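Reading through the structure tokens given below for one structure.
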């Protein structure tokens, strides 16, 4: 592992041209189509997008847990420069939990109801670290304390159903961080929680990652959470990345018409508008994604080319956008560069 | 000064009769979740009562939107269900246009009132019967409440309703699974409108939807309100949405209304520490970098709520009095707060949004 | 040397007066003994009575064998015989008829008993080989002095315990599972068998029973289903013993009711019409039944008694020929051109292929237009239904072996006009010809053998003329025996272990 | 837990009382008990006297109370058909049936659970399809046919196994067992297989579908995401969660095995309660029928109780009282 | 009028476009099972046209033709393709008529059981409370007695109560009642479970807010949504009911031998297994096993097809 001593120009995780498919009776569905991004050590990459945009699938592909019949159709996934998408199951298993931690959306169902929290923690710790039972337990108690569970040494022997939702999500985070992974994939870690708890969990994740220099891929559809947490953000639409860039840039100067509409449709306190900006229609189903730009039927600025040819990511300002509107700008930038 | 300390029982006085569409007074709803008798005897535990709603009073003026916000489990949905009669109240009264509809019997005796209030549910996937065609779903209230309407009239009306919510009349032939979440919520709204209601109870109608779809639905609801003069009881935990849609906002905590007031006032100058906490917790899209201290702790169990002010375990301003005495709502009819700290003037200034 | 054998049915009770049924009595004949017994060729031999004589026409004297001990060690005396005579006639006994006509039992001395009858009876003792003598002392000690406890709330001791004088003693008796017997070392007679143990198991299912024999798990099993005889014979270690049985299978018809219980003919009884009875007789293709149902193992019979029985096999009689056309004509003549419906009762576990015979009869009668509604059921229910006092039947199949191997038994029980005395007790159809009755009464007291034979023959001629019943055939015994075993097969289908030797 | 046991006990008593009532009604009203007891020529007067003596003229509730009282004392009356006390009859047959059922159940469980796990974990492998197909045969072939075919093949044609009965049995006082002798065990093989086959299929399919269900849950996904080994995921997490429903259904099935032994016992002339009841039914031997009913219900109730308690042992959510409180 | 027809044709189109149909089409085994089932049912229903002989009519039986082997044996004839039994019944005809009895008993008892179970399950699930406890306790008691036993007992009781000659006539009804009384519990349990889930679904609450009465809600809203599992149970229940009938006939308490069901045929044929007249048991055995297997396969497929989670 040379990555840690080198400066962070080498990304921790790199996804190149990833394509995820589902063979079905009506042909192959492409749920994630040719997406590429990278996450540097210590960086938080936010992934936003509507339900069904392919956010969770991307996360699942990274940890190698696509559920059959889903499969990676093309592309590569590199962790610290090493390809992991083609690894045999057993190799990949050793990466999961050890080098990539995972947090799922629903803390209610993520924990096995029949085992105590401690048992699940210790099991995970001992799978990845050469620790004895008592050491593992001590570590588990520490972890619980770290994620803010009071009276951890007592609560460790409780069953999941004896915890509240927020507390359970903390346990899930503790489980994901058991072996101090370099990277965490968090799939909507706060969606099921109340705003007040949500704030607690977000700041917890942020703190833990800052302290350990862990890279985070934070999947959510809550723009607010992204704005507060992420360094960079990728906006997904119908299985593709519509826009990716630094968070301030995307939030404040959204370039893609979709991002733009999205930002406008979020009500905000203090903003008195009679009607919210509204993107008409809904995201297409996977089997009826239009040709050209997937967003074109809903796009107020669509022109002919959008309906025919599919744009790929092109640099625009500090972000990259998949939109023909920015073709000129991108060309200029290319010339300039 | 003297005026300000008048204990207000309700957000708005029911004084000028006709104006008030719905008046709720001292509404209480308890659920008995006790273990079976034998367990209680053997384990020497008492009854376990969920105090889901613990004395809520408010009234809604015709054409307005009254919103309830609060964390999960604080009793918002229970209030909604009490209002539409899905649960009978344990105590307290409900009046619709001055007619008492507290008991199930009273409701049966006033069937027209039942048809004038409808409900929109949270889950667009669960709120439509998957085995029914959309047209039948939308037509159900018409068929129930206006018997004898001819089939073609019903169909015509259904088509009209569907168009009204932005779908096409031909969509009536389809089944719900052929629609996306946002479209289903439109169907729900069409169904609710089919009874020609004046009053709509909306229990988190958009929280299962994506923001872009949420915007469509919120816009639609506002449009319909204007066009049809609807009155809404709107429930949400999303403060921004509430800010966007409501006229008056009530903040609930553990079965009680802790603060209410006109939307702008309440969000502009929240007084109850809980309201402030909620506002603080909203992620900051503007990235204004405001300093926030996320409040610790979670909502206690409504089975044995803390004594005194239920919020005191999480409240930075809690005093001994807060731990013992339940604060009364103090303020005018339209804006009040139930907090000892406010009453005692211990409240620090609001940093402003 | 252990003999393991299996039978289709169950050993109901060890009480020898509980059930008048061949298997139970046959089994208990190994444990208990009567005053007389029968040899393998069925001739009467002295058993507990060394000898007997007819002192007067109505007084028989029996001299008991001396030194006979019950299995519990007590000695057999005249008191035991008196006791047994009382007990067998007591309420709950199924064998009351054994002493029918006996008015008095007199103890002459400890080893002599006199039986006084109300009328002369030359065959008084003919059925006594299955009237077993019980020990008075033992019965009294165990409270088993009556055949069945009246309240039904307590078990009778004799139901599961036995104390006979016979060649074998019960070792264990697991009700409905198996019964184990061992030789009685103190038996008065010289043992001709070489057994050390006998194990009986009920195996109700035919295939399982055959399988047990084929696989050598039992040394003897019966009955062997007719269709499996070839298989048993072909099997290297086993063979079938298929001698003729004295039982005659016949059909009976209700001839006394004015309206049949089970028929669509109302207001009259077709069976009262001789033509109908003949039509039924002629509709039955007995050769087909023999060939197909019985697979050759039956002897079609013109008479109600088997050739081995006194008076049976009389060449004077032949069966009415199978003639469906004539049958139809007769029916038409009797006014039933379109036939009629009648219910038929049939056992399904009593005789060899009983249900199949009934089914065949049903099908044959159907061809002449008679629709028969068959009600086939297990024997317990069947007998409860058809036997007196209910006589709840219109048309039935029954089999009969005269216990005395004498025609009188059949003429009296099955053809006699029923009355209080017990005459015609099994005349379930109520056939009544006073002339036959008259002759039967004479037969009983006639002591001259030739005259008696002539009278019997004449009586038969009358009943056959009347078509009182429709005799079908004598069924064949069908025992499956391991080649290790030598035994004597008795025509009455009783299995006596004292004739068994095992290689 | 205590409350649970007490409640279950109370429920069991209720169930038993209901069953006793059914048995009583059968006993009392199906056919005339007196007619079953006495000979055909017993005079009416005697019958009336007996009726009085047996209390058959008392009001029905009193008769029922007496019936229950007798039943509790183990007094079930005398078999009409065999003339011996029914309790002795049943008790003498009980060991045979219980032994057969137990071995059959054990066989079913031991084979079915691994097969179910395998097919649940690897639903697409060919071996799983083989298991599934074979198991379908198990619930499609009538038990009695299987029994006969087994007898024909292993008993008669090959001569390997005894064709009927229990073989040599050893008497252990109140219990008789065939498990201690070679012939007893050999005799047990075919009946136990026949009886167990149906249950085996059911349990296997149940385990499989539960396993499939559990494997789709979030906590399994999360367990994988934590990098736990397959073994830990399959056996530590999935299997244990599968067990909860499997225990219930299996428990119920075990109860029914005892009753299903009727057919097997008939085919193999196995001297158990099933054989007894078939004969009893053919002869309308009501005391035996009603006793059998009560005995079966008793077993069911016991098994159910054990299952319920096991259930609580396995699933911590159900023993919430013992731990600290949530929220 | 045309509206309804177009709706129906629409429904049919929709069905052929549905996942259920697709999963059916793509499973060869299921198609096979369906063909076999339909074939057996049709030949059973039209047995009196299809079968060469009416084996229930004693007049058509000829004892002299009994125990004939199937046609491919030297002494077999085309008249009795699959041979005859010991009464001269044509095995092929007996199979068809026997299947009819088996299917009738199985089908009727499943329908009856489903009616009882669905009604009770709906009531228990929707009303809850003491109605629920009562029904479920009854179900508990019922569960302690497996079908065979209940049927045996009911049959035993019927023997005791009914006059004997009526027994055969009523045997089929006794069987149907017995089997349905012993198999309604799974229906009730499943429907109750689903109903409890469904009644808390928002569409049911919406119906309540609209003001529909509980019975209407149960029938129009809840019932259609719990029919999926009911269908699955019914299919598998049909298989079990057929087997139960066969088992009862085997034990001698089923239908009378004059109108034998498949079970009775097997029971009769059983006795001829050792004597080499195998066709008497083997053909009915195969027919029964194939029928039950096919129905089971259909049930299995239906369960998977209707379970959205498995797709």
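The letters A, B, C, D and E name the chains in turn, as written, and every chain counts its residues from 1.
One rule holds in what follows: a residue touches a chain if its C-beta (ideal position, glycine included) is under 8 Å from a C-beta of that chain, and two chains touch if they have at least 3 such contacts.
All figures in this text were calculated on a predicted structure; none of them were measured in a lab.
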{"item": "Path length in steps (a step moves to a chain that is touched) from chain A to chain C", "value": "2"}
{"item": "Pair sharing more residue contacts (C-beta pairs) when B-D is set against C-D", "value": "C-D"}
{"item": "Centre-of-Cα separation between chain E and chain C, whole angstrom", "value": "45"}
{"item": "Chain A-chain D separation of Cα centroids, rounded to whole Å", "value": "53"}
{"item": "Centre distance in Å when chain B and chain C are each reduced to the mean of their C-alpha atoms", "value": "90"}
{"item": "For chain C, residues contacting two or more additional chains", "value": "205, 207, 211, 214, 378, 381"}
{"item": "Touching two or more other chains - residues of chain A", "value": "164"}
{"item": "Touching two or more other chains - residue numbers and ranges from chain E", "value": "159, 252, 270, 273-274"}
{"item": "Complex contact set, residues of chain C against chain D", "value": "10, 12-13, 15, 18, 91-92, 148, 150-156, 159-160, 174-178, 201-205, 207-209, 211-212, 214-217, 378, 380-381, 387-389"}
{"item": "Chain C contact footprint on chain D (complex, rising order)", "value": "33, 36-42, 46, 50, 53-54, 77-78, 81-85, 89, 92-93, 148, 151-152, 155-156, 159, 162-165, 266-269, 271, 275-276, 279, 282-284"}
{"item": "Parts of chain B lying in touch with chain A, wherever the complex brings them together", "value": "71-72, 180-183, 210-216, 218-219, 222-223, 237-241, 243-244, 267, 277-287, 292, 294-296, 298-299, 353"}
{"item": "Residue ranges of chain D in contact with chain E within the complex", "value": "11, 14-15, 18-19, 26, 30-31, 136-137, 139-145, 148, 152, 156, 212-213, 216, 252, 255-256, 259-260, 262-263, 266, 277-278, 280-282, 284, 286, 289, 293, 296-297, 300-301, 304"}
{"item": "Residues of chain E defined as touching chain D within the complex", "value": "137, 140-141, 143-146, 148-149, 152-153, 155-157, 159-161, 239-240, 243, 246-247, 250-253, 263, 266-267, 270, 273-274, 281, 285, 288-289, 292-293, 296-297, 300, 309-310"}
